[in-house]
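First chain A sits with chain B, and in the next complex the same chain sits with chain C.
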Partner chain A sequence: MNGIAIKNISKNFGNINALDNVTITFEENKIYGLLGRNGAGKSTLLNIITNRIFSDSGSIMINNQPARENDQALRKVYLMSEKDFYPESMKVKDAFKWTKEFYPDFDMEYAVSLSEKFTLNIKSKIESLSTGYTTIFKVITALASNVPYILLDEPILGLDANHRDLLYKIIIEKYSQFPCTIVMSTHLIEEIAPLIEDVIIIKEGKVISNDSKEELLSKGYTVSGPASLIEKYIEGKNVLSVHTIGGLKTAYVLEPPVRVNLPEGLEAGVMDLQTLFIQLTNI
Partner chain B sequence: MKAAIKYQINYIKNMLLGYYGVFLLVIVFISSLMTVGSSNSSGSFSGMEFTSSIVILVAGITGFKENFLFFIQNGVSRKTIWKSRIISVLCMCGIVAAVDKILLNIAQLTISRQQIAFKGLFEMIYENAFSNMNAVIGFIVDFLLSFSLYLALSGLGYFIGILIYRLNKVGKVLVCVGAYTIPFIIVPLLDYWFFDMKLSAGFANMVSFLFGSDTGNPLPAILSFISIGIILFALCWLLIRKSVIGDKK
Partner chain C sequence: MPLKFDDERPIFIQVSEWIEDAILSGAFPEESQIPSITEFSVTCKINPATALKGINLLVNKDIIYKKRGLGMFVATGAIDKLREERKEHFYKNFIENLITEAKRLNLSESDIKSMIERGFEK
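So, the complex of A and B:
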């Protein structure tokens, strides 16, 4: 089966357990949200997939080929990372040119047209770009690489609302025209939620959720109302947390939503991805 | 592999173009001064290989970190990075050695008439051996000497570059301090206090043997430089294969 198969990956940095026996699969032609709080291990995982760092144990297969020190397998993946690994004196257009050398399917015309859309001057030196434009340059390079697996680590870092909106449209357009696997690791969950199909949540190096977005959201609901009614209602239920505002309480329940038989005075609501993420990772 | 070699050669090419550009400017400047100066003025320009050696050493030291990060960004394995480096270094050493000889010969044939003596480094070290060779053999031996020296220096520079990348701050300080103090202060002092200067004498004898300066034969030097280059590039592989991306400073 094609895909990126991550099996029993563990990684320690000194005493810190960055990844603990992680086993997941990024299937073909899906958009994933890789979510986790700061330091949860998202970037570490992406770096291990692309051989930037090595795991202490476990294995990674890309389209059934071992990823470790394998040029053929690595050519199927492009990781746009938060950090910059381009020579500072290199110009954007030269970076595009060289990326084409390493990724022969890189679409130069597409890269140039995206640069125009984002008003990115391709004659600029990478080091002279602002944080936002550096992100734009890296995202464009990743999207134009035309590899089966595009990994985007913080792809909206420093982007203003207009550019973020444009980027989401471009990602959807790209995905619908040339389906590929896109893994997006970001903190702006609410914004990327409409784009993603599957959600992987990492907490302290462990995968705590690996489901489709719909499945994940169907696992919980909110219920709000007077404090006394809520306290009675949540007894014996799997409650993630309870928030109190004045005399009203809102409980986050990790159980399939129950819209019938709700006691009078209580109101059920759908938990959005960001709320669910916050509740799951706050425990 | 092809793309990695192309990138490494391009990196080296830009550095060498800058070097030879400056070199030619210096030569033109000096010869112009000699031409407009007194007719009795004379000068000498020797050891061009020495400046090329420094450039090659620096290219080796600076050529790791930036290229390594760029290659890793572009999905190139460490094995390919190492192999492509060796291939590009072999090309660079051949080109620099050849260009050095050609420039030196052109200078000897033309500018020397303006009372500037141009001499190669190895011509001076192995003067007797070269005086017994015909022009073609002399050119080939001189080329091989330069080529092998540049290969060893490329290996040394690359090794230092990777070592600096791999070490933490304390390690870097220790290596920098140790690289100077151990051979130039600690060992001579120990030799003086405990070994009656026998260590230094033994080292001098070994160097003399390895580089043929005792016999005036350049062949041992060619073999020694090539061996040093091979050993250093093998050590580079041991360092590269475990290299990972760190925080970009």
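So, the complex of A and C:
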């Protein structure tokens, strides 16, 4: 089966367990959200997939080929990450040219046209770019690489609202015309939620959820009402957390939503992805 | 395109309702072509699978039909079909809720009727 198959990956940094027996598959032609709090292990996982660091145990297969020190397999994957691997004094257009050396399918015309859309001057030196434009440069390089697996680590870091809006449109446009797998790791969950099909949530190095977005959202609901009624209602239920404002309580319940049988005086609500994420990853 | 999503319901349902509204308002007349999945997903910044799911709800109800290689079109009779469906929806969502709230406020049937008349006079 094509895809990136991650099996039993573990990684320790000193005595910190960065990844603990992670097993997930990124299927072909799907958009994923890779979510987790700071330090959860998202970037470590992306770096291991692309051989920038090595795992202590486990295996990664890219389209049925082992990824470890296998250039042929790794050329199918592009990782846009926080760290830069270009000499800082290099100009944007030269960085594009270099990328083409390693990724022969890199689409120079597309990269230039995207640069124009974002008004990124390709004659600028990379070191002179602002945080936002550094992100734009990196994400353009990733999208133009034309590989089947594009991994975007923080693709909207420092982007203003207009540029984020433009980027979401470009991602969907690219995905519609040339289907590929896109993995987006970001903290702006609410904004990317409509774009993604599947959600993977990592907490302290472990995968705690791996589902389609719809499946995940149908796993929980909120219920609010007078404190005494809520306490009675949630007894024996799988409750993530309870918030109290005066005599009013809201409970986050991790069970399929109930449409019927809700006692008088209680009101059910829907959990959105961000709310669910916060509840699942709070300690 | 003034399509804004709320958090309350799945996006694919909101997509299909938005198209229904556009058909009822005459923005998408019967036998006219509707935008493609790509146009929908790019404009609304949603996953194409979501847009497809929303449109398929309408295809299954024979509101929209696909012409191979040409695109998607509003079926003849779609407006009547939607109106019938929405009347039932109107009763369930508006009338039933209206009566529940009226009871809470101790409003009688004739109170409501006169309020409705007031509303129509505007």
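Points worth noting:
By definition in this document, the second predicted complex is superposed on the first by the 282 of 283 C-alpha atoms of A that agree within 3 Å, B and C clash if a C-alpha of one lies under 4 Å from a C-alpha of the other, contacts with A are read in each partner's own complex, and residues count from 1 in each chain.
One rule holds for everything that comes next: contacts are C-beta pairs under 8 Å (C-beta built on N, C-alpha and C of every residue); 3 or more make two chains touch, one makes a residue touch a chain.
Predicted model, so just to flag it, every value in this text is computed and none were measured.
The superposed arrangement places chain B and chain C next to each other on chain A without a clash. Rounded to the nearest 10, the angle at the Cα centre of chain A between chain B and chain C in the chain-A superposition is 150°. Touch criterion not met for A:D160: it reaches neither chain B nor chain C.
Taking chain A as the reference, the larger set of touched residues comes from B, when chain B and chain C are compared.
Within the superposed three-chain model, A:R52 lies in touch with chain B and out of touch with chain C [touch as defined at top]. Of the two partner chains placed by the overlay, neither chain B nor chain C lies in contact with A:E231. Using the contact criterion defined above for the overlaid structures, shared-chain residue A:K83 touches chain B, although it does not reach chain C. When the two structures are aligned on the shared chain, A:E214 is found in touch with chain C, with no touch to chain B. Applying the stated contact rule after C-alpha superposition, one finds that A:E255 touches neither chain B nor chain C.
This overlay, made by fitting chain A, leaves chain B and chain C with a least C-alpha separation of 28 Å. The residues of chain C lying in touch with chain A in their complex are 5, 7-11, 37-38, 41-50. Looking at the complex, you find that chain A touches chain C at residues 31, 165, 168-169, 172-173, 175-177, 194-197, 214, 217, 270, 272. Those residues of chain B that touch chain A in the complex are listed here as 1, 3-4, 6-7, 66, 69-70, 72-80, 242, 244-245, 247-248. Listing the residues of chain A that touch chain B in their complex gives 47, 50-54, 69-71, 74-75, 77-79, 81, 83-87, 98-99, 101-103.
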